[in-house]
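Notes follow once the structure below has been shown.
Note that the chains are named A, B, C and D in the order they appear, and that numbering of residues resets to 1 at the start of each chain.
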Amino acid sequence: MNAPENVPTCPVLALIVDGPLTAKAETDALRTLRSNVQSGLSGAAIRFEGIVRRDESDPGQAGALRPLAALEYQTYDPMARRELEHLARRIAARHRLHAIMALHSRGRVPVGEVSLVLVVSGGHRAEAIAALTEFIDRLKQDVPIWKRPLWEQPTA
Amino acid sequence: MNAPENVPTCPVLALIVDGPLTAKAETDALRTLRSNVQSGLSGAAIRFEGIVRRDESDPGQAGALRPLAALEYQTYDPMARRELEHLARRIAARHRLHAIMALHSRGRVPVGEVSLVLVVSGGHRAEAIAALTEFIDRLKQDVPIWKRPLWEQPTA
Amino acid sequence: MLTFGAAAACAKADRVTVTVGEGATVREVLAALAEQHRALRFALPNPDTGRLAVNQAFASGDHPVRPGDEVALITLVGGG
Amino acid sequence: MLTFGAAAACAKADRVTVTVGEGATVREVLAALAEQHRALRFALPNPDTGRLAVNQAFASGDHPVRPGDEVALITLVGGG
């Protein structure tokens, strides 16, 4: 995954945020990013949300689906943030993005809440979609973040 | 593109909006949609923005890039809205989405403003990305919307 | 017949008149359009697959066109 | 050496001690880890490609590990 050379600089923001990713956390982050993006160049902007699903397979029960209360994300700090940013920079250069923002949760994120927000903008749709797909694939390999299921307590 | 049968119903919203798609237009539309989505099922939500780019190739000048002031979208009403909704329903069924919203502009949209917003949510990322890609490909074939370039006036 | 986009630009009008016999199908209307409006030939869909909307819905080649129907040439769309 | 996630669960600890000779490389540390902590074998990366972080950065198999370095086993991550 080598980045092409001589690409224009692209605003990059990568943050680890405690708990679920709320609208406020994102708005604050985007304010920094948007001021750097020149209008009229980008033809496509995509925002991806990864959300905690209720049903996870439980390895302790032969992979059977079991209702989840939350996921607990553990991050290896500060390497996690640095790898997140490093990944964002590589993806931005490879796909000639105009801006990229990645936010990831740390700690407890209840079912239905957002643990990952990725925002990319680029000249055309194809680049933006390819960047999105590749970012998430690499995230799951290269960024030191682990998740632990917190199972819903069976009602007595 | 046949839809699988016996899929659960999915909230679908398809609207044509006059002028650029603003945050307010979208918020109003999403309010309707979100109330119907059951939390905990969706693992991925994607929001796509199509934005008017400054540089368009001008067929009147052998395809040379020429700075644009705006695009003027003409829609064949009410067929355009109906085909937009029909497309949203087909895509939702094929990719087992949990919700889909498509907004498209009518009339003048200046450079840097948004003319298309597509929001999809589904169980997993792969379905949501495939739905996004397919929706936009089909939109450009099946929905009676035409665009006319309004070129920037050269400064005297 | 209604025209839009590049087709309307070439016809220099947002509607054109096409004369067909009684009981004509979409396929026959498209053939007549090609004969009677040569400027629009570039924009014509395949007469067999048909890309006319009759009363605001896409119609196949076999679809009959009746007096009073709203017929539109839907071609070269470009939303998004 | 720091452990996380499933590796920490299997080691029943968030750090384990691995004894290596002076001037050992990442590759040698991984081999020693496999010997000295059998419960962690499932989680071990390929000793040649290496998947240890030394001082908070991924380190290749040849990378030397020095006294005082912070060494972490980065495996089976699962963000997103």
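Definition applied: a contact is a pair of C-beta atoms (placed from the backbone, for glycine too) under 8 Å apart; a residue touches a chain by one contact, two chains touch by 3 or more.
Fair warning: this is a prediction, and the values are worked out from it, not measured in the lab.
J.: Using the contact definition stated above, find the chains touching both chain A and chain C.
T.: Neighbours common to chain A and chain C are B.
J.: Nearest whole angstrom, what separates the Cα centre of chain B from the Cα centre of chain D?
T.: So the centre of chain B lies 48 Å away from the centre of chain D.
J.: Based only on mean CA positions, could you tell me how far chain A sits from chain B in angstrom?
T.: 23
J.: When the C-alpha atoms of chain C and chain D are each averaged to a single point, how far apart are the two points in Å?
T.: Distance between chain centres: 70 Å.
J.: Going by the touch rule set out above, which residues of chain A reach two or more other chains?
T.: In chain A, 50, 136 touch at least two other chains.
J.: For chain D, what residues touch not just one other chain but two or more?
T.: None at all.
J.: Could you please write down every pair of chains that are in touch?
T.: Chains touch in the following pairs: A-B, A-D, B-C.
J.: What residues of chain A sit close enough to touch chain B in their complex?
T.: Interface residues on the chain A side: 39-55, 111-112, 121, 123, 125, 129, 132-133, 136.
J.: What residues on chain A touch chain D, complex-wise?
T.: Counting only chain A, the residues touching chain D are 50, 73-74, 76, 78-79, 82, 104, 115-116, 136, 139-148.
J.: For chain D, which residues are in contact with chain A within the complex?
T.: Within the complex, chain D touches chain A at residues 2, 4-6, 53, 56-58, 72, 74, 76-80.
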